[in-house]
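Labels run A, B, C and D following the written order; every chain starts at residue 1.
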């Protein structure tokens, strides 16, 4: 144990040397780890790459959508994230979500009423159908709780904080900032609705 | 019999001296254990050590749970199920970890209220209060992340609400969420990040902070509360009153002298 | 090496009548006690009681494990943990995009900063709660606000149709 | 049905009950408020050793006793009227709330004992002030407990809880019980405070001796501090109360907020505007008489009062002309819809709840707190009492009158929340106005999803 402290003077050279080596070591030990941790954030926000590849997935046929109600369809997307991204001996993950489908204001267009199950629609008919159907995600825009159809009051209700949406997914009451997220979807000739893991209003995160 | 006991005591003393020589452990322990502490509020001050005890239980049971827990999305739930149903005392260890966390939050809240009411954050003990507040925030974050590690509906949605709140932060909202999510959707990356936060990152910050908290406590000694010093305060006020009285009478005498002097 | 004396410690010499001044009044307690036997005893009993409670709870009310995580559910009603109930209720007071950000992030951060800054906010020299009415009343108001919000949210959750047993 | 289905000639039984209940509620709320304010001011007198507090506390105790008798007389007659005129409803209500009413009765006895003891031992316990103050506090707490128990009945009728009606615990756990309690507790204090201020103003205008003028000027200041201070908390708690109603009784919410009874809340905003602006002007006027002159603070107070007025006006803008009673008939749409369309933004844009009413209500709270803070800063230095002009006292009387009107508007709002739907309810989902019991084990059985 040295008896008392010895304070030698610090020359300019020593100070500059220590400063330079110190910063280099600091950079080497902080910049790569930062990128290491921020990798998904960079990919998601800057390069807009999503974990889910651009694929169309079927959710159901328009004949299954009843009038005056929003029904839930389960849809499964392939998900490539960390160890589920299809390496040599690993599988591709999957993410199952629910899409709520409902006719505009609950009224089935007469186009569909006349056609039976197997019939096919022309291009223009498909376009009118796409305008008259709402395909929305079931995550509440406030805090992401699963919303559900409340047949008593004919509205879509979020159980967490009392958010209320109309049958078209428009925001009516409660804390949610805006209406439900609307899927990017298309309708095939034989009336099957196909959905992509992309939303009209942007990225809702979580879902 | 007494001879054996004496020889044993003799050998014990030798070991103590040997240790003292090299690590001064014995004097350190004596300084810690025999330090005077207030008696009147003794039961109030047990809250601090109760929190310490509960945190050690959390560390202990946490590490034990790690023996069986698997942080993959497919098997996290199954591993918890395995702990609860097949491992000996599994339900006990997990129960202690879960209920310990709830009790810890209650006790840490009471400890904070006791410290606030007794005013023991006054100078020179401000830093101890600041470290304490950091500790309570860390513990609630730990409880929050731990809840979601089970990867069942209840835990997951609670964590999701937390992340959705993070997504509302004005500037770095998108960044914060994608950092916590590990991508733009919920998946295996989310669970591994959750696992890192709960099992290593937060405890790694918590442990030294608790050490700092205890060192600061020992540095200034336990303040206790105002009722520990009531007699001394009474003596102090009495003495000050006498001084004021003397001043008052002294000023009277001067007036008399000055008036008599003219 | 100083020779270690054994046996009876030197009797404490009679302390001359100490003059209590403003700054040394909080140096000594009125009734000091050794940390080792007394305080450790109390700590031990409290810790033992807590341990027994945790063990009993661990077996009586096993930590629950609901069905595995599944985003595509339509009937599950998510609830926060009990210690975030008051924050959940706080969410309801701030609807809409701008207010959610304010009420949810700005307010808790302000609350944390105020919590950190209490020693610098409360500069009153007196220690006992009776002598510092402002801080104690403010603290009491904050605690009652949190507890009331906790109960409000609990009642709201209990009365949600899916939430209560008989509903 | 028991013997005769009694008909009250002339006004009919549905109006007799409110005629008895409204004065009873006004008196009872005032008693609870003044008991609390009196007890606290006696404690303040003990701590600060100023005579005014004690003098007021004594006057409050005497006034409380006088009112107590009339208040309880009204309660009993209202009790008997309910028993005879609404037999099935009353027997049903009494079965559900048997323990609550029992507790209520004992609280009443406690209240009577404590209040009379508090007043009559004023001189005897003059030297044991702490004991006397505790008696005052106990009488205030008993009054409060009475309100807490009767709130269970009121909130249960509007929003029965999900649990079985037979279990007492669940009756307490109905969704609007806690917010109603908080709202009424703060309301009592604010109501009593404004009434004290109004009464002090009246006595100030009539007082002749200088000493009386100073005391009543101080009393006006003390009353409005309570009134305005607690009025500031009301928008937040009221908002929480309405959120509970919206999440549990959507029908009642639509009827109150967007349907025929929406004008009640316009009336409330008008009353709120009057009370807050008059109080702010009173503060503005009082600051002139602070011992330490503070010109800069007075300019600040003027600015904040202006902002307060603007926010008040913002609050008063109706969402749809149709809901304003008289004007709605002339300008509003002829085929007035049952309620404003839900997912359409209301015609008058500035009247929409989000974001305008939020800015208005919570702005009122924050700016009001600033005004109060400025006034407290000025009053810390002490006032020259007894020199205030006539107009400020008229302002105080105006606030007292408006607070009584607010009390009635809000009481009416809560009671009419049970009407308006396809069925007018006495206990929502259980007993209709015509005392027809809907289902066997109602109300729990008949609750549907929200």
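Assorted remarks:
Basically, a residue touches a chain if its C-beta (ideal position, glycine included) is under 8 Å from a C-beta of that chain, and two chains touch if they have at least 3 such contacts.
Note that this is a predicted model, so its numbers are computed, not measured.
Chain centre most remote from that of chain C: A (centre = mean of CA atoms). Centrality by C-alpha centroid: the chain sitting nearest the overall protein C-alpha mean is C. One finds 10 Å separating the Cα centroids of chain B and chain C. A separation of 47 Å divides the Cα centre of chain A from that of chain D.
Each chain gets one centre point, the mean of its Cα atoms, and the points for chain A and chain C are 38 Å apart. Mean C-alpha positions place chain B and chain D at a centre distance of 44 Å. Residue positions of chain D touching 2 or more other chains: 243, 247, 448-450.
The set of chain A residues that touch two or more partner chains comprises 95, 142-143, 145, 160, 162, 174, 207.
Residue numbers of chain B whose C-beta contacts span two or more other chains: 73, 157, 160-161, 165, 186. On the chain C side of its complex with chain D, the touching residues are 92-93, 95-96, 98-99, 148, 151-152, 155-156, 158-161, 163-167. Those residues of chain C that touch chain A in the shared complex are 70-78, 88, 91-92, 94-97, 100, 160, 162. Listed in rising order, the residues of chain B touching chain A in the complex are 72-73, 157, 160-161, 163-165, 167, 174-175, 177-179, 181-189, 192. Here chain B touches chain C in the complex through residues 17, 20-21, 32-40, 42-43, 45-47, 49-50, 53-54, 57, 73, 77, 80-81, 84, 91-92, 94-100, 102-103, 105, 107, 113, 116-123, 125-126, 129-130, 133, 137, 140, 143-144, 147, 150-158, 160-161, 165, 168-170, 186, 223-233, 235-236, 239, going by the rule given at the top.
Those residues of chain A that touch chain C in the complex are listed here as 72, 74-75, 95-98, 138-139, 142-143, 145-146, 148, 159-162, 174-178, 207.
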